[in-house]
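Single-structure report; data block below.
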Amino acid sequence: MLPRVLRGGAWRRVALVGDSAPATVGVAIILAWVMLALLAPLIAPYPPNASDLSALAHATPSRTHWLGTDHLGRDLLSRILWGARPVLVIAPLAVLGAAAFGSLLGLVAGYRGGWIGLVITRACDIVLSFPVIILYMIILAHFGSSAWNIIAVLTLTKAPIIARIVRGMTLDLREREYVAAAKMRGESSLYIMLVEILPNARGPLFVDMCLRTGYNVIIIGVLGFLGIGLPPPDPDWGGMVKDTYGMMMVWPHMALVPCAAISSLVVGFNLLAVGLRELGLRD
Amino acid sequence: MARFVAKHVVFLLLTLFVVSFLVFTLNEYSPGAVARKILGAYATQEQVDLLTKQMGLDRPLLVRYVDYVRAAASGDLGQSARFKAPVREILAKHLANTALLASVAFACIVPLSMLLGVAAGMREGSRLDRGILIASTIVASIPEFALGVFLATVFVVWLGWLPGTATLVAGGGWSAAAQLVLPVAVIVLFDAGYVVSMIRASMVEVMQRPYIRTAVLKGLSFRRVVLRHAVRNAMITPITVIMLQINYLVAGVVVVETVFAYPGFGRMMLEAALFKDIALVEAGALVAALLAVVTNLLGDLAYMLLDPRIRA
Amino acid sequence: MTDAPLLDIHGLRVAYATRAGELTVIPGLDLSLHEGAALGLVGESGCGKSTVALAIMRYLGRAGRITAGRIGFDGRDLTTLDEYRLRTIRGRRIAMVYQDPMASLNPVMPVGRQLMEVPIAHDGCDAERARERALAMLREVRLADPEAVMRRYPHQLSGGQQQRIVIAMALIAEPALLIMDEPTTGLDVTVEAAVLELVRDLRRRHRSAVLFISHNLGTVARVCDRVGVMYRGELVEEAAVQEMFSDPRHPYTRGLLECLPTLGRDKQRAPLLPIPGQVEPAAVRGAGCGFASRCSHVELGRCTTGVIRLAPIGASGHRVACVRVDELTRSAPRPSVTASATTTARAAPMIAIHGLSKSYEPRRRFFGAGRAPVRALVDVELEAARRRTLAIVGESGCGKSTLAKILGGIEVAAAGAVTLDGVDIGTLPVDARSRALKRRLQMVFQNPDSTLNPSHTVGYAISRALRRLAGGSRAERAAGVAKLLGVVKLSPEMAARRPRQLSGGEKQRVAIARALAGDPDVVIADEPVSALDVSVQAAIINLLNEIQATRGATLLFISHDLAVVRYLADDVAVMYLGTVAEFGSVERVFAPPHHPYTEALLSAVPVPDPNAGTARIVLDGAVPGADEIPRGCPFATRCPRRVGPICDDTPPPVQRLDGGHRIACHIPAEQLLAAQRPS
């Protein structure tokens, strides 16, 4: 059942989100971060990479540095704000890529079935059960990490999940009578997959995409934490934790702040997903 | 039965070959690369060429791969360039550590998430359900390192009850059990959050089914309806997910291992990849692939055991 | 037996909480049922009959609640009981049987255990005693080999067997009241007949009162003493079964009976009269009679104000909720049409099928050996004459869907010839057919909910069909869409709507319009009205008839409903397990001599006329599985006229009688005629 969110006109769609408490909270959090990221150049009190070692004497949050500074004296608030930008670009792009690629794979596997369906399904199963961290480590350590590499790797590893979902739906939808009617008019397989089947798979797909975006934010953080994320000195939330968690006994706030930032953004996406799923079920 | 096992064994071997070949190619496709990685960036080109020839690295890729496979099949996985010790030993040691961590975590995750998931799903919309849903969503949203940082802040920095690292090196003053508490807690919280939501979703769906209505209208107690009729049906889909968590627990916990300096398999792989310790990377990838297929197999078997419709 | 009723519902009011506020679906219901009596509750979808059942069981879900009224049972008011006390009643004093037996049984628990749970929970039996009772119950519901059945899982049983298990589960505690909610909907006609026979028998033996809910008046007539008709949540008429059918007084009841095709009606003599308009949603409930907007006898003012209550007329307990009941003339009994043979000259057939066969390989199992191939069609011979309607009748597994798929090109024939106006199409899958060929043969499907793509507008669906089948510019197509909508009697502004905004009948009309886009010569309709309400069915049947007559198309109409077939078809083919048992004009097939299977089918059809009184032929057992079909006649395992081993071993000869009538049976037609002629 498509959540009503996707069936109405644009404004009705937006208004319905308000019906579910988790969805509303989730959207609020996401929008807040988007605003902060967009306005970062304007509202950040200091340049993000400006290191001021003298500030280390008072590294904890104070009036001059609202969230304190990191171990190199750089203002944490500014680094957090600037650090939101790459995350909010990479995560959604990777999800869109995975959705496009995965949908295509899933459609073909589900509709054509047979030999090629089997190969695609099995390949997806393997990629899915393989711990992706290992994949990232191997690929990124080899090719180096840049924004595009990260997007590519995320797309490749997330596409199988989407493919599996779309395949499941396709297997069900292809038995519908309107598909038989389309075949009897002589429509091509491509038309049937893209025009008859795919639009009806939108509902669960959309919910899943919200979840994926949340996971992608986590993974970007993890990559940064492990040292294979975006290269320094640009602020990367995960990288910020990596550099400072060793000093937790003395300055816990340096690691806590970026951790809280990542967590809150992911909570936003996950709550939205929970809310959307609820709305869909309620209908 | 035979067909089933045969199919999976073939699949297992195929996967191992594909994965190991890909990894091998990635690391060793250019002859000079391996020697260069061993000698480091400051070696001269002559030294690199010499080592290349010595190690037989100028032979075609396929030949080298076949050699590698042959050696691996007999148990020789090569020499770690970084540790200067046989890969087999290093692998075994780290895997053992990981096995310890993983089994403790798994033993906590499965019963905990089943309990919470069933309790939440059996009465959808109740306060208990909302609470568990929101809590598990939030906990599953916090990356492991952040969870580690949060917990460490509380238990290590403020309260001082637990150690901040789990290096398993004796003499630090903390018992091995105490060292394991935080890493296990982080893993359990993060993973259980996800598994609980899966079990809950399955339970909610099962409770809507007509056969639950039949059971209720037969006059059975709610407890009996849930335990005898709902739970077994609800566990059918999550069981495969639970099996797949084993993969995560073995290799995916690299983050937790890094935070707490635990000498596990994941961390070993990370450092091997970063330091270009090729032999170790290849062996580790093999192990991960093997584990992936085995857990898939276990998941399929469990699914078949639970659902009689598949067995027919 | 005391005089006080066992079940006494008074002023029941049920409402559901929706996004738009609380919606009252049952505004006020009075009903009573005495011990051992059987009351049928009849109505179309959405009338609230299932809601009444669930309200009695107090299982309305999170959104529904009883807002007023009293449900008296056994001296207590069920609406005020708490969960604990309800549990002692459920399954023990009141038990329920459901519509979809496969879904109502726990798929991972053996059925024996599910049966045993009831006496263990309610009577405190130990496992051994419970097992004995379960076995005894299984024998009572006439399941062969009860010990083996106990160990089976639901998916290993047939639909009829599953329903017997559900019935056994309901009766095992000897309840005083048995509620049956559409228990035979979805079962094959012959299986349904057997189950209904069983229910009658069990009722006699156990003396439970029965509340039997169905949309099928004929089914209700088989089992119940009294019948109540519901419309939009209200009981509009209640009477003894005989009286209800011979003297219906409420306009809605009359309308329902008028639009039912029965075995005695055909399109030439007595057209079906659909009820105009459609059921309004519960949210739009005004004062007065709920049926007022569709009633042809409505009087504004009297019928549309106040509350119209059920009032008795006469002394026989016949109650009607209509203010004008005494003024409306009583309906004359409808003349039934006796079947007579007619001869018609036959032109070259439009579709000719000879020796058509098709088998399927079943999916390989994990364990054990592979199964025998399923023979979907075996040596089928049929013709569909030009400009006539051929009906294909049969139960599940008879091969009618496979036949439709082969004609449509979704499957290909394995052997035999299938020609459309001389062109061989049996081996041509749809992608290999020319556009001209595709245009000539189109299909209308069964399920209105899945026949239209929910993401496309009506206009797009029809316009796309026009584009692929007829060609033409965009303007021409737009005009074509409007014209086709007119043909199916929908207004042109429907083109902008999406399927979820349409009712079942409207969706099916759009599907018909889509099939007509290329002006086809042959239209295959695969159970086009089975999923629709009775009052809507009539309209669609009339539409199909009209289209066939005005366009001169050949209509191939697949159904399991013999009454509809009798009404609509010119020629009939009766199929069983992939073979054609009987073929001929509708008059000949519906009159003796019949193939024994046709005979059983005709006897099994629930007819809304309790006076029909034909001797019931109840077929034993279930349709055999693929590996159990005998080499000879596939009907041999259940045929009440089986002569001997010849039926098992030798395929029956096709006897060719007058006027193109064919029967595949070893028994000579004269003998059949003598045995079957009504004495």
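The letters A, B and C name the chains in turn, as written, and every chain counts its residues from 1.
Note that a contact is a pair of C-beta atoms (placed from the backbone, for glycine too) under 8 Å apart; a residue touches a chain by one contact, two chains touch by 3 or more.
Quantities reported herein were computed from a predicted structural model and do not represent experimental measurements.
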Query: Which chain pair is joined by more contacting C-beta pairs, A-B or A-C?
result: A-B
Chain occupying the middle, per Cα centroid: C
Message: Between chain B and chain C, what distance separates the C-alpha centroids? Give it in angstrom.
response: 53
Averaged-CA centre spacing for the pair chain C and chain A, given as whole angstrom: 49
- line: In whole angstrom, the CA-centroid distance of chain A from chain B equals 21
- prompt: Which positions in chain A touch two or more other chains at once?
  reply: none
- prompt: Inside the complex, what are the residues of chain C that reach chain B?
  reply: 57, 59, 62, 83, 87-92, 95-96, 98, 100, 103-109, 117-118, 121-122, 153, 155-156, 166, 169, 365-367
Query: Contact residues on chain C for chain A in the complex?
result: 19, 408-410, 430-431, 433, 435, 438, 442-443, 445-447, 450-456, 461, 464-465, 468-469, 500, 511, 514-515
Statement: So, in the complex, the side of chain A touching chain B is made of residues 22, 122, 125-126, 128-134, 137-139, 141-142, 214, 218, 221-222, 225-228, 238, 241, 245, 248-249, 252, 255-256, 259-260, 262-263, 266-267, 269-271, 274
Field: Parts of chain B lying in touch with chain A, wherever the complex brings them together
entry: 11, 15, 19, 23, 26-27, 133-134, 137-138, 140-146, 148-150, 152-153, 156-157, 164, 244, 247-248, 250-252, 254-255, 258-259, 266, 269-270, 273-274, 276, 281, 284-285, 288-289, 292-293, 295-296
Message: Taking the touch rule as given, give the residues of chain B at its contact with chain C in the complex, in rising order.
response: 1, 3-4, 125, 209-211, 213-222, 224, 228-229, 232-233, 236, 304, 306-312
